[in-house]
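Okay, so here's the structure we're looking at.
Naming follows writing order (A, B, C and D), and every chain is counted from residue 1.
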Amino acid sequence: MLELRKDLFADERDDNLKEIGKGTQRQDMLGHVTGTSPYFDDHKLQGMLHLKVVRSAHSHARLRRIDTSEAERSQGVRRVIRASDVPHNLNTLLSLINFGKDDEPSLAVDKVRYKGEPIVAIVADSPREAFEAITKVKIDYEPLPAVFDVEDALKPGAPVVNEVYPKNTFTYHETYDRQQLRFGDADRALASADHVLEQRYQMSPIEHAPTETNGSIAAPDTNGRYIVYTSTQALFFSVDTCAKILDVPSNTFHFIGGTVGGGFGGKVDTLTEPLCILGAMLTGRPVRYVFGREEEMQYGPPRGAERIYIKDGVMRDGRVVARKVRAYFDSGAYTRLSSYAAVKCAAHLPGPYTIPNVHGDVYCVFTNRTPATAMRGFGVTAMDFAIECQMDKLAHLVGMDPMEFRILNAYRDGDMKAHRREAKNTALIECVQVAAEKAKWPIREEFKRMSSRKDGGGIRAAVTLTPRETHAPAAAPIQQRTTYDRAPAATREPPPPPPSLPTSPPPPRPSAPSHGATRFSSVFGTRRR
Amino acid sequence: MPVTVKTFTSTNEAAAALSSDRSARYLGGGTLVMRALNEGDISISTVVRASDQAMTRIDASGARVVLGAGVTFARILAERDLGFLHAPARSIGGPAVRNMGTVGGNLFAPVPYGDFTVAMLALDAVVSVQGGLGGREIGIEEFLQSRDRQAGTLVLAISFAKPGSTEAFRYRKIARIKPKGGAVITLAAHLPVNGSRIVGARVALGSMAPTPIRARAAERALEGRALDASTINAAAAAAVEGTSPGDNALASAWYRREIVGVHLRRLLSGQE
Amino acid sequence: MTRHRGRGIASVNYPIGMNLGGDPSQALVHSNPSGKFTVALSSIDLGQGMKSVTRQICAETLGVPVEDVYVDTADSDTGPHCMGSFASRGTHRVGNAVIAAAREARGVMMEAAAEELEVNAADLETDGRGNIHVKGAPHRSISTKDVAIAAQFKQGKTISGRGIFLVPLSDVDPETGEMSPATCYAHACLVAEVEVDDETGEVDMVRMDSAYELGRALNPRLVEQQLVGGAWMGVSHALYETPEPYYPEPVHGPRDFVEYLMPGPGDICPHDIAVLERPAPDGPFGAKGPGEMCANPVLPAVANAIFNAVGVRIDDLPITPEKVLRAIRAQGGARPQPRR
Amino acid sequence: MTKTPLQFQHNGRDVAIFVDGGTNLLVALRELIGDMTPKFGCGQGGCGTCSVLIDGELHLSCLTLAETVAGRSVETLDGIKDGPNLHPLQRAFADNFAAQCGYCTPGMLMAAKALLDRNPQPSRAEVVEAISGNICRCTGYEPIINAVLAAASGGRARA
């Protein structure tokens, strides 16, 4: 049951609207209930071939030899695609916004870094014939030690998962192994707090489990173009990723999608399109590449696991005075989008509360598991779990009602947030009040009278004095190159060293991109000049 | 190599086709074999079917029930004389799976599937099979222990004595997902009563070993006693004895061991 | 007594749009010769209702009935660039782009109508039912259909518009993390009630009560879909889901929908929801985006309710019966906390 | 490659196709007949998106060997409308906003139809049981349950 509380914030709204605010029927409902909404797989093309991939049997192994000769002769096989067939076999999704280094091949070269990593693709007349050919691909693995725990991965001597990031952490601002947040002096505030509580939280990986699995159909179109039916959640993201990997101009493709059987973040990674189009290019025939359910569950990217440590200082009267957070995102073997989520997570600290001293370190860590990706609430869901369990424990510790405890600490209009922007348009207090009312949870009169629009700002708007840290984060070594590692595509100026750092040698200047991908921005994370 | 489908009218011919071809599998309701084919199991290249009506026969009029291997769970649910089997039949799949899945196929379903077979084990069922060399009857326990070697035989039917009363047979599937979920554990108990004492107790457990097994220690605790609180507690305490559960996606071995006694106690005492 | 009830709460906020901005979306709006409008996008409808909400936004901005608008998406040949459907950016970013495009189209439409009615365009208004008339003089009116015909065949005007919305990319200070991550935030508070079996560790949902602040409920039925379905996913994350049940050990991963646990139709509980609307200054009609944050408060609220019920804290998701049982054993039995 | 001829009734019309050995009914319906209403969700029997009625009984088309439907009647979502008019269940799903991404909807509707064809006035528990083999990842099931109950109580009268 849903109730609209039009009485609240009415003075900030113009409710005199004609279409907005109405419960109008969905435009796509008729299509849904008649089964005529066109999903990518609902396109029947003449002479369609089927693509399946050979996946790594090991979590971490060197590839000594790949023998596809028997598979190539297998009945119904039209083409075996090997890593060397992929024009630009190294990418990172966020290279489209110049964030991070290319670190992931479409088909593994030299080494596999997670169980299920694609090594060879088979294009055959039927799924059955593709499955038969898969068993005929002979791969000689040399298993390597694997690392699965985020904190183990950071220990000295841990196996290097991905040579692009030899310390098993993503590199921020070309220097740091984490995204920092520093606001006020958390250590000092913790020292003078009435109570200090430090806890560890663990978020599991999560599978998106859309009822439609990831997939695409690619076919040669008239005039040398390719038509691509796709389940992508981000059409031009996929177009540009394919243009880069296949090294052709983006207008080679005509992508059609937009009606997707659930995504939840699991269809952002452009998992199937590049190989599917390459299959169509190499055979001149329509090619279909759809994940099976087990593939989707085990080798489709999950929401990554997160491990979070929170140390809070709270006063007897219920004010939280310090929050210190260390969080590790388990990115799996490749970056995909976890690096970006870590920044979002840092920005989210310390949750929707005004806490004068906040200290955050958020790491994106590589392990030998299926690469993680975005999912509903990306970068925030796990942190909210940790923060809100912690808030409950703090309320218990000081003997306060948990609702009142939250209202007391809630951010209000005009307060300074830890990422140093003023809070505006806040409404946490009102949500707590209304939820209490709905649940018949008694809260005291003075807490019912509090408001997000009152008593914020003033001293709460101040940026607390933040000490400079004396230790400098270790500079990341010059990135190692492996044989398949072409020049990174990023075009960015080396950033000026942060003022508190000793000067370190600038990274080598990368060459300009060779592909036709669109550039959405030229600079990230460096000061604009 | 595409799949070859061979349909026979006689079970003899079907059995011969199965036993002569290592890549042949018998297609019952499709929930196991078609899934395997869909998932790319290329070890199956021949699918054998039998259209013999005996395969789908239900004989539930007498003291001994005979279910053809091809009888679906939906048909059991439609059979009033088989009311005691409605709980296990309903615990399988959703309605579509119950319309397709068969009692014969369930004998081969690996953990976390195969709940109906737990009920069959508690009822001391006998499995009629047709091999390349002819037909024979095997006790269900023996059948389950040698299940890996039974792939080449054709199950024709399963039979068992009807419990004396509805009270005498109890079944419960512990699943995390409701109303349809994979088993954490499955329990079935056949407790015939003579006077006020249990005679011939059989307790079967699913997901407590690679195949359904009997809880013999619990059976001993029940045998010859009245079903009172102390007997129930003794049986519950003994439930875990002799089991060898594994870890899987649904629960760990530790958890299964910890709760099997709780659930047996609740089953025997009629608690929710 | 083996079953214990408990209640727990959580309150959260959520940033709207891709973190740090720099994520543009575009829209094109044009009329056919009979005054029916098409919105061309490349944005994706995953079920969240992108097509439907942008349709309402376009109709409201143009001042025409929603039936006169159709949203066409996503075709890379006809739909202009959009960053994609993620990060709760659809309603906010694409909605604003559609407003911009529809405003431009409306400008042409009103000019064309003014020419037909021989008045100043500033003196005209739409009635939302397919007519344009002189303010204060409803009888001096022309239908949008006649305007479109006149614009096309007589005046030689295209009733169309282009829109883009871009929150400029923010820098991030590497030392302090100073940044502008988002322009607006949605809010929520949720109370979960659970029942815990202290012999098996099983947790059943009893009910949920919640308040969500979303800027503006552009379509309350679509909002309800997100909040009801999202809370279900929150319960699922809290109690059931993991593709790695023994994380960080990568073993026994589920292969199908029996092994991958999600609550079934028999596991759901009543959920009473209040929606608050504090319009975001830069949201389309004030709207933020309910799509992602709806699940977030459920996870901690359930964990906190379990503590209230039996006195154990499970800080490791998902909260399986095994973890609850182990914790109850470790503390020597259930310790119900004061009922709330 | 040898193909097997197969004839059956598809939504009341006789159809004849040739199938490869081992072809499942879902593939036959979608790729050989062109009826895209049943969907592929798992191929394992776990999601119900491919549900169809065979001789009026709910079946999973992905687990049905195509040639086993020879001479039988197969009904899909494409066949439940009455001419241009929506089936009461379709209308109830729409009225109750019981679809989001829409991918599970065809299977849900067939499962609901299988229930109402036999039990026109089901209880909530019976509805829950009837859709228990169908996965929906979007709605949380509540609107779907409500839609089936609404179709049972009012839909027929309105139809």
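Everything below uses one rule, namely that a contact is a pair of C-beta atoms (placed from the backbone, for glycine too) under 8 Å apart; a residue touches a chain by one contact, two chains touch by 3 or more.
Computed from a predicted model, the values in this text were never measured in an experiment.
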Partner chains shared by subunit B and subunit C (touch criterion as defined above)
A, D
Could you quickly compare A-C and A-D and let me know which has more C-beta contacts?
A-C
Farthest chain from subunit D, going by the mean of C-alpha atoms per chain?
A
From the C-alpha centre of subunit A to that of subunit C, how far is it in Å?
19
Averaged over CA atoms, how far is the centre of subunit A from the centre of subunit D? Could you give it in whole Å?
36
Length of the line joining the C-alpha centres of subunit B and subunit D, rounded to whole Å:
29
Give the residues of subunit D touching no fewer than two other chains, as numbers and ranges.
20, 22, 42-44, 46-47, 97, 99-103, 128-129, 131-132, 135, 137-138
On subunit A, where are the residues touching two or more other chains?
25-26, 28, 126, 128, 209, 259-264, 292-294
Indicate the residues of subunit C shared as contacts by at least two other chains.
46-47, 49, 221-222, 224, 230, 233, 253-258, 260, 262, 264-266, 271
Show me the residue ranges of subunit A that touch subunit D in the complex, using the header's touch definition.
25-26, 28-37, 39, 41-42, 44, 126, 128, 208-213, 259-264, 290, 292-294
Using the touch definition from the top, list the residues of subunit D that touch subunit C in their complex.
42, 44, 46-47, 97, 99-103, 127-129, 131-132, 135, 137-145
Subunit B - residues contacting subunit C, complex
112-113, 176-182, 247-252, 254-255, 258-259, 262-263
For the subunit A and subunit B complex, residues of the former touching the latter:
52, 75, 126-128, 131-132, 134-135, 292, 294
Quick one: which bits of subunit D touch subunit A in the complex? Just the residue numbers, please.
20, 22, 30-31, 34, 36-44, 46-47, 49, 76-78, 81, 86, 90-91, 93-94, 97, 99-106, 109, 135-138
